[in-house]
């Protein structure tokens, strides 16, 4: 299906009467056809958040003019805002370690048109996945890492991300902790899949922890990466029932299905500009 | 928690530019504070649907003036619309046959403040539940029915509903089919809980049907009652896993948990004016 | 439906060839008809666990003779075992604080025959639920508690439990921490419902914690009470999706549905002797 | 992890005292170590069903001797039974039409060791998936089909299945109806994934049907293929919530996640000999 070119406005500001009227009036005056609009008010914080997606065709403004036309209104209400165009898909880097299930799943979805992005590179600290990446038409970069070479490897990685103009990093079961420099450079632009129902079982070997504790449900959590490990804003979570019959290996196998689905959902929500972050939490306009 | 008095506007009309701007501008001009707004466009049908809830306090219109102030805008866009005030909760009748689980569940929720409604009457074709209804402070009416007396019983029922000014009928496992006269009188105002995942196993004895077919998941469906049985607009559904170990009796027991929850959710959505119906389907702004 | 009288054997012992043959041969020799049998081997621990339910009718042993007839076999394999008869239902005490939803739900299920137990007493540190308990035919005991009187109140409670010969305590949203004396006296005989997906959000105000963390799924956990708070063996868990739209109050309301269902499931599993505990985990033969 | 060689016995027969004792005694006498045992009695039918998996190492019978040693017992109880060895994995053919998501998912799982089988062939009525099949090391056969050539194509298919000694056919979104000849040849050996929650929306275009009916939950069903379309024994089902926001295309996309997972689960259950069929229903010993 052909997508007509659209723009998506994500904004947040102190709640005030007239906000919805202001934004919708702006779009109406410029003959924009609204495809989707959703909003949320955090009553406690007095914060208003909104997503509006509209068609560019038929507007009396060119895409490059919208920004300056909207600015006065945004200033008036003290908005933090972002405007993106469907014609400029993100350039993603997928990072992966030994286990390929999330990588293959993302590549297959991408091939089927589920993910509106370019894949600038697949990067791994293992050489194993070069063939599958190539098969699906993605560049593969093998950047091995040891404790000694970690800092050097991250520099290589940063150069690669810069060269390829990457603006989204997907950690598809990448088992290395990214340094603060990388994390700070890509705020709310690194999506990780953690194989537990956070905040339960943060850190290493969550399936072993879950097995030890004897839980009856396991989960997976997709979140933006922040400097504190496994503590960034949660984008999506899902769970599956387990029982005493499940060994750690069984938990890992069942969990892989969750990991694939939850990561893919989070990536799609991000690509469609459906996520706003505030106070280390996400508002997801799905 | 004290609820501040609000009004909720539910509207639908042919999709057109300027709709959102028109409604939000109207509310802004009259100094209404929007608490919640959600909208949906059915692209195929070219139909726009919206829910807006706003506080009455601070408006420059009294509640009784909003209607006529809004009418010109509604006419301009050809809207079908409804305006309701939180200060005028619905008056519900709960109908029940032998099994009391949904009835008790609704009464308990009502006692705890989960359901913003008055209970005008509990009506049953059995005398069994008089005590529990009274315990929770609801009037009980025993209207027995046989094949011969069905038409007479429905007349009694209609009189009762009229006398009590009932505007919502909840079929909490009421095993009699309501006649067309009652159904037509309360369009989209009768909520039934069917103990299957409709459209599978419509009609009688759905748990027996599910057992026979050997399904691995059973469900429950809350829907508005229409003249065609089990074919009205679906409000909510939920499911639970079952296995070969479950007898028909086990399915019924597991299913009761679904029935209670799905019915209560549907009733709450209706009471909060979150449901719009078109083409035998619901739009649920939750 | 009439239940034929059955006995249920729960056993665990070091895994060894011939165990299943030994137990089934014993039952066959005494002409027992097996209704349900399930078993589990923890390979790592080398531990075998089994549940066998069999009809008493037709056996060549009277109920009171089974114990001594089985002992030699049990000794040979070093079994820890328990034999219970369906004709001797447990005597439960339900403890509750301010919120009545779990209490009412349990009473309603009990009335409908879902829970095979006697209710020896409903106990609360509030006087609020006397009427509803009486309505469903249960004794009500109001045992108020303050920081100063806590130790005295627990003594009263213990006396009450002793007098009523209680052998199952259900904490149906009882917000007091039970002292070690009570806990030690009823090992794996106190079932608590915790309103979070343990081990996430252990301790106080889990819905506030969940709200703060911005999770997308909330849960409830039924577990046996041990001296360490919220750390006992987990019996059952379930979850429900939430979003940024849900306030703390909404989380609490959605969570109540989980609490009711998960607690009732755990109680039923316990009453049917389907739970074995080892290493602070449960094996649930459902 | 190395799997020790095991054998799995699946049996069913009229229920009778002494069955469990008989089977477990047989295994004990021949020094078999039971890894997993599960059983079920359909009380209404008076039918007993059992699965026993045991290690071959340490037995006093060679694998080829078990059959004849067990026969007298099987005859005595009138058992239908099957014995399979983990050392002889099944040889599967995967059939696929245009949409590759199930195919790629199965291939990726197979590569990761999740599916204990050989892939004898990937067969399609489209040429599209030759590369991906080859990438994962599977033979690809392009067997185009039109209404006129259908009978001829099925003959080719049958020859191919015979040549490759296929004993499991996986319909991974194969959109052709298999003829009775193929179906009869592989009883309970053809697994299909239907993209609805059967029996709802059997037949063509289930997502369109679901959209029209306005359901709030969609599902997927894995089942054995029988001559009557979409009516064979159900192996597994799962569901996902949808809303008025979901177009038919969205339903299809959400549904693909279900299809992949439910099909893979069903295949794994079959490969592990965990499924017994009777009266068009499955008993799944998971």
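Lettered A, B, C and D in written order, each chain numbered from 1.
The definition used in the following text is that contacts are C-beta pairs under 8 Å (C-beta built on N, C-alpha and C of every residue); 3 or more make two chains touch, one makes a residue touch a chain.
Remember, predicted model here, so these are calculated numbers, not experimental data.
Engineer: Considering only chains that satisfy the touch condition with subunit A, which of them also satisfy it with subunit B?
Structural biologist: Under the touch definition, subunit A and subunit B have C, D as mutual neighbours.
Engineer: Answer with same or different: of all residue numbers used at the interface between subunit C and subunit D, are over half used by both copies?
Structural biologist: Mostly the same residues.
Engineer: With chain centres taken as the means of their Cα atoms, state the distance from subunit A to subunit C in Å.
Structural biologist: 42
Engineer: Return the distance between the CA-based centres of subunit A and subunit D, expressed in whole Å.
Structural biologist: Chain centres of subunit A and subunit D, defined by C-alpha means, are spaced 36 Å apart.
Engineer: Quick check on subunit D: which residues sit in contact with 2+ other chains?
Structural biologist: Touching at least two other chains: 245.
Engineer: Which stretch or stretches of subunit B touch subunit D in the complex?
Structural biologist: Residues 40, 42-43, 197-201, 213-217, 219, 233-239, 243-245, 247, 279-284 of subunit B touch subunit D in their complex.
Engineer: Name, in rising order, each residue of subunit D that touches subunit C in their complex.
Structural biologist: 17-18, 20-21, 24-25, 27-28, 31-39, 41, 241
Engineer: Where on subunit B is subunit C touching in the complex?
Structural biologist: 1, 99-101, 104-105, 108-109, 111-112, 114, 131-132, 135, 245, 249, 253, 257, 261, 264, 286
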